[in-house]
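Structure, as structure tokens:
Order of writing sets the labels: A, B and C. Residues in every chain begin at 1.
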């Protein structure tokens, strides 16, 4: 237990004294807020409903859409916590100071998830506030079937909590990938590929079965299913199921990374 | 003047005179100044490295040796002053590897690249024939490791690979930053002979090092810098002689008695080990007379030849306290 | 009186630096891993795009359209109609104004919509881009003179044989076309008509996941005068003119209302209408660009190439090799130029080498899935647009690789360079659907990803930018970052 606490303390010191960490955490918040504000400002209620139908814009999802860019900062944060150690050779010092390597793994995971959790809460709260102010001006008013965004609404609460968890899971997934790949550039490329490649493949194929499969099992689309507050029946994967898929990815990466950490030479 | 140079090196170190011809292999540094942020790395540095001898470049850590070398090689830009090779700035040399060979950092090798490829690209960049790769590997004794990836090399092998790289163009000027680091005693002896051989051919060699004992055997001339400033620019013999001064080495089994006796006589006594001291202020005959009169036995009494390390420590201690002293002609 | 080098040198010119940089690149294992990944990923994606794409375009058969603004009277039995098309608004090369004889058409006040199938008809018309044309529902088109309006047109009926004539002055008539329209009833409708096919596509984004698009019709107006209908006996026929939009009641979408109109003023008829008339040729602006879709795998392959490109320069910074490089070649701009050329060559060859099998593997798969003639004519590797797309794939990969290299030289960090180049190419594709259509198009035009437009082999309504214009945008980005990198390399300490 003491070992774990000391390891945690050491990991926290290492993480917070690297200059890029602070910037990346700030980046998670600002990028999410920025893109969310941009998107909220550009959707219009007018013209959104097809003839004889309802407008199917999901206001909460729009508000939280900044996460598509904010997650890049989360990926970088998770990767650099590990890769910078391998690049500088500090990993040897770490593994000598704390010989039980799984303790280091857990400590790193905590040191990654904790700060990301905090910045994600700020990002989500800020995005909701901005969208709450901007969307009614674009026609998304209660009269049109769009009540003001509020945490009190259970669907919005789920979407918000889910988005915060999503960002944490992305950072943890990146941590796992970095433990496997070790080189910073390659780890970032792998993590970003995992996230962005599947939606792009989805635009290249038209078979509905394949598209459904991609939405169900791709980390980003499955994970972000939790943001949906409308049209839930039509989605191939439910909100919490989707997040569970992403959790499996992150857990799998951490597990494989942990095994490699244990087994490989430093 | 393209003689296939095998010259016994006899050149007069005429400090301060500009080089006469472009073929003259000298390194001239004049009034060099360089700051990194608020730290002054090099401050008004002036010296010349002449061909035909090994010039040692010494100073405490952070004194500015590596910075000076980088400026000479055109890698870092000086804030003031000039650095010339054969009278020309480095960046104006047309095939630089045939004029200057440098080893700055033995770690500057891609671990995934084979040793021979590491040398091959350098040779190609200056239009040197590919056979040079095999030739220099042979010179440093790495022929058997040519096809191995550099990531698996020991530090000593990496040093030798760096030396081989410096020799690719058979240059008349060579600059080595800490080439002895990581070599075993056999390797140190080899490089000593190698460098002296290169100097004997008429090349100008600039070597920086921390190992004073090593430089003592290898270098002919010394440039000592401290805190970015010139502290001494002199031959090794002169420096050692200057530091030795009039000190006398005394070896005796009754050290304490001898020390008390000599100190009372007005000499300055310094301990070397449990049996030996150096005595300053009294001549050898006087000491012998004093000890004989007090019947203190001694086994050795002679002029003390300071080690380069002692000389250096004394020199840089002064430098730290009083700033740059004048250099001896 | 000093040592001289005994080693001959060919000089340290640009050719030598190029050679050295090529040796550096090829002698490192990670280079070939990345090349292999690029190659493999691109082909894998082409396979997925080939087998995962189905269409039923060919199950429809050729589409017949009968949409026009018709101003008509009844004519029983044989007869003729003559008119002078005084002017025609040029809203496109295929706008039509002329005279037509046709079977029953929908009542304008009825709300039951289109008749089940277009009626039998024959028409002679003038168009701004192709002059006089003859059309009948038996789909035999013919062309007359290439002069546009004003023109005299005549249509005659003899039993079931309809013949169309044109004339410059109303006196000398030239036959343009004739047909046996057997399904024409005894009492047919005869009159003036105006039609104009869509010149593009109107699209509306309703939400990030749904876009509606419909043809973009522009109303075209023509003026007719000296209209004369003559009966079988040579006597003029007169009656009241009725006017109908043959495509049915105007649709409800506000942006889609193409209600035509008709006014008469002392024998001059002004008619406006819009719509398609005739058989639609296979291939429309809504069709998939199958070649581009299958080559798009390079978007994924480029990630591996970006890693290679960034590491090519940043590994030198990290290990201090950059100092060795700059002592061997003090002219730093040359080093970066040589690296760029070597990298671009490797990327280009990899891209083309991947695009060719990608094309060859995916095309048969696509044909099996319905992308076959006549809706999708067969494409071969030697077709002009395909050659451009395949070579363009190599070109865009080379440019993106050099962009990553330049970013690495500028920022000296592989993490930063790789993140930036991947994000700047892929993120616009992900967030595009969240913006307006105009915003998304703008994003596609100004970001480096615009270079992907070189893979387009047919015009689509949602192309944001043309092929070469896209390459120019990407080249602009590359140039800017390269220049900044060279400036920084020269200025900073190694």
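Everything below uses one rule, namely that a residue touches a chain if its C-beta (ideal position, glycine included) is under 8 Å from a C-beta of that chain, and two chains touch if they have at least 3 such contacts.
As the structure is a computational prediction, the values presented were derived from the model and not from experiment.
Student: Does A-C or B-C have the larger number of C-beta pairs in contact?
Tutor: Output for the comparison: B-C.
Student: Which chain lies at the heart of the structure, taking centres as C-alpha averages?
Tutor: A
Student: Between subunit A and subunit B, what is the separation of their C-alpha centroids in Å?
Tutor: 56
Student: When the C-alpha atoms of subunit A and subunit C are each averaged to a single point, how far apart are the two points in Å?
Tutor: 37
Student: Using mean C-alpha positions as chain centres, tell me how far subunit B is from subunit C in Å, no decimals.
Tutor: Spacing between the chain centres: roughly 71 Å.
Student: For the complex, which residues does subunit C have touching subunit A?
Tutor: The touching residues are 45, 48-49, 52-55, 204, 206-210, 212, 252-253, 293-294, 296-297, 299-300, 303-304, 306-307, 310-311, 314, 318, 414-415, 417-419, 422-423, 426-427, 429-431, 434-436, 439.
Student: Any idea which subunit B residues touch subunit C in the complex?
Tutor: Per the touch definition, subunit B meets subunit C at residues 1-5, 7, 11, 23-26, 51-52, 70, 73-77, 90-91, 93-100, 102, 104-105, 107-110, 112-114, 117-118, 120-122, 124-129, 132, 165, 168-172, 201-204.
Student: Report the residues of subunit C in contact with subunit B in the complex, numbered from low to high.
Tutor: Those in contact with subunit B are residues 1-13, 16-17, 19-21, 23-24, 27-30, 315, 319-321, 323-331, 493-494.
Student: Across the complex, what residues on subunit A touch subunit C?
Tutor: So the residues of subunit A touching subunit C come out as 35, 38-39, 42-44, 47-51, 55-58, 61-62, 65, 68-69, 72, 75-76, 79-80, 83, 87, 184-186, 188-189, 192-193, 196-197, 199-201, 203-207, 210.
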